[in-house]
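First up is the structure itself, then whatever we jot down about it.
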Amino acid sequence: MAKILNIVETAYRGTLEEQDDTVLWLTHMLKNAGADISVLLRANAVNYAVKGQDASGLQFGDAKMTHPPEIDKDVEKMIEKGVSIYIVEEDAQERGLTDDDLLRGLRRIRRQGIPQLIDEHEQVWHW
Amino acid sequence: MAKILNIVETAYRGTLEEQDDTVLWLTHMLKNAGADISVLLRANAVNYAVKGQDASGLQFGDAKMTHPPEIDKDVEKMIEKGVSIYIVEEDAQERGLTDDDLLRGLRRIRRQGIPQLIDEHEQVWHW
Amino acid sequence: MASGKTITVAIMDAPYESANSTTALRIVQSALQKGHNVTVFAYEGAVNLTMKAQAPHPNPVKGTNVEQEAHPTTKDWVSSLFKLAKDKGAKLDWVNCGLCVDERGAGDWVEGPRRGGPKDFLDASNASNATLVIPTK
Amino acid sequence: MASGKTITVAIMDAPYESANSTTALRIVQSALQKGHNVTVFAYEGAVNLTMKAQAPHPNPVKGTNVEQEAHPTTKDWVSSLFKLAKDKGAKLDWVNCGLCVDERGAGDWVEGPRRGGPKDFLDASNASNATLVIPTK
Amino acid sequence: MAKYLIIESRDPFDSADSEYFAELVQGIAKRGNETTIFFIQNGVLPARKGSKYNRVIADLVKGKVKVMADRFSLNERGIRQLADGIETADTDRLVDLLLEPGTKAIWH
Amino acid sequence: MAKYLIIESRDPFDSADSEYFAELVQGIAKRGNETTIFFIQNGVLPARKGSKYNRVIADLVKGKVKVMADRFSLNERGIRQLADGIETADTDRLVDLLLEPGTKAIWH
């Protein structure tokens, strides 16, 4: 079975209406279907690994959004399931993120290490 | 009636399926409806003013695309109808465009002149 | 209470694809809540926001069924905004661009919106206190 | 003539919104023309590409009627690709992501596509000679 | 003199147009216009204290541009500490700003 | 050693990610992989001779990356003169490259 690397770059695209990030959701589904899959969070998607993301409180007329996206929890669940979640250190630093801001269990990678990571996977899907 | 400035920045988004650029098309419709409207082509949309754009030749199975977009001609028609089409000189230069590449009848503007242009219009719509 | 003021908003993004759609609906919500009239010109992909056939779905990742997941649909959000307008004595005029509807097959929509074109947007803008264009990329 | 090779392509963009959709269909066209099998996994907005209710429209800017304008619809392009596959003895397997279809109300489509989910994409990819993911922004 | 309400939904990490746009906003303010920039969606990302683009915000503040950030977008991204000079606001406030007489609203 | 087919649909004028991505492609090639970058859609904009980003293309060529540009996308934008080192191609060619054994395709 092919080793898959899902590279997630685009962040917060339609997440409110979807109640999640569609690529993380897809990754989770593929893992559940037996895929050998890892995730690389890069560019703005490093923010998906920030603790305490809170998208609650939306209301349109009398329609309250009772189940907002909880992307930090989605990432945590994937880590618990054994999905390796890599995060690009420079991308996090540029965005003002410190270790205290980030979830536990992430795998840090430097930009210069990405070509090797890509080489180690048979399928590389950049979303 | 309000003077409107339509700023077009995004380029070639869905133009093949639409057979035109949807914002230029909208501008043309608004002009026909009596609007006092001008266009500022900036960023990649300066390429809409390039002569000889040719999107012909697409075919899917036996479905030939007989009426491809002709964005240069659409811009020309708007100029003929009296719509002022401004183009940002630096944006054209950065993209390797010379005067020979561009349609006639455009109004050149430098980046530093854009705030004044914006001030001269009551409605400024950035697409 | 109705303020007598009107805001016109043009939107272009298809549902579930962009943060813009939710922001636009938040702005409409805030305006109606304050009693302002709102005209929405739904252009291109945004005409899909109001499609009647939208249905909530369960979430197999979380193991929730349709009821537990409470997945929102944009058509329901728009319907709620129409109700809010009525409650506030304000007017919500939602114009779906007709030609955009045709090419997308998006003509069967919830109660409230009407079919129109660019001229409706221009007329609304001229008659409004403020116009905001929210483009797509 | 059928090559026996298979390409899997994942797409996400809604019709009329992005250059990606047309490029994806160009790639499918080239592959089928060469006799390769193609699996398309239409995710999120891309499930709207095949909607039966799509209809061509006239162009009031050019003054053309529906016939003169010959406005393409993506459903017709996809239908033509199914016919091309048949002519070449190749297989086009077009999978519309079911949950994406539900939330968009995009369930009534032209002949050819089938409903599926992420597992279909994974299985197709594992059985393919090449996989290409065309994401959206 | 007019009032400008610039709504910035893009961020310089992703959009090559974002830094130029900040300059444009400064150019508008320099002509004596009362100018507000309102960060929303990913547009709030540079607002986190310590981000690489805090200086762009500092320049805007120095250039007499009023800088606001949408509270919901900040919470959504877990942004708790803001760069100096930013006021948090919501869409209720945005609507009030939109309706101030003589205001031109530009979304980016 | 693998083969990489990188399909670049973005351009550095619009996308702040585009220049970094060119570096990533160089990094992949430097590991000894046979690497092709295929410009398509707005991704062809830097390929026009005289564009500000011709140097990025020159660096790729120097770094042993094969550089191709989609002919349709070039014509669509009226790009007639290309920067040095670029081969024009079409989606037929792209499909052939995709199917070369051991090829990983990455779209950007």
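Chains: A, B, C, D, E and F, in written order; residue numbering restarts at 1 for each.
Operating definition for what follows: a contact is a pair of C-beta atoms (placed from the backbone, for glycine too) under 8 Å apart; a residue touches a chain by one contact, two chains touch by 3 or more.
Owing to the predicted nature of the structure, the values given are computational and were not obtained by experimental measurement.
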Neighbouring chains common to subunit C and subunit D, by label: A, B
Can you list every chain in contact with both subunit B and subunit C? D, E
What's the call on subunit E versus subunit F, same or different interface residues, using the half cut on shared numbers? same
Most remote chain w.r.t. Subunit E, using mean C-alpha positions, is D
Comparison of A-F and A-C by number of C-beta pairs in contact, larger one: A-C
Most remote chain relative to subunit B, going by C-alpha centroids? A
Please tell me the distance, in whole Å, between the geometric centres of subunit E and subunit F computed from their C-alpha atoms. 35
Give, as an integer number of Å, the spacing between the C-alpha centres of subunit F and subunit D. 25
So, what's the distance in Å between the C-alpha centres of subunit E and subunit A? 27
Mark out which residues of subunit E touch at least two other chains, giving numbers and ranges. 13-14, 17, 41-42, 72, 107
Please list all residues of subunit A that touch 2 or more other chains. 12-14, 16, 29, 43, 58, 123, 125-126
For subunit D, residues contacting two or more additional chains: 15-17, 19, 26, 29, 44, 71, 131, 133, 135-137
Among line, ring, star, complete and other, the chain contact graph is other
What are the touching chain pairs in this one? A-C, A-D, A-E, A-F, B-C, B-D, B-E, B-F, C-D, C-E, D-F, E-F
Show which residues of subunit F lie in contact with subunit E when the two form their complex. 12-18
Subunit F partner, complex, touching residues on subunit B are 11-12, 16, 43-44, 47, 50-58, 72, 94-98, 101
Can you name the residues of subunit E that touch subunit A in the complex? 11, 13-14, 41-42, 45, 48-52, 54, 72, 75-78, 80
Contact set on subunit C toward subunit B in their complex: 10, 12, 43-44, 117-119, 121-122, 125-126, 131, 133, 135-137
In the complex, subunit A residues that touch subunit C: 12-20, 25, 28-29, 32, 58-63, 65-67, 74
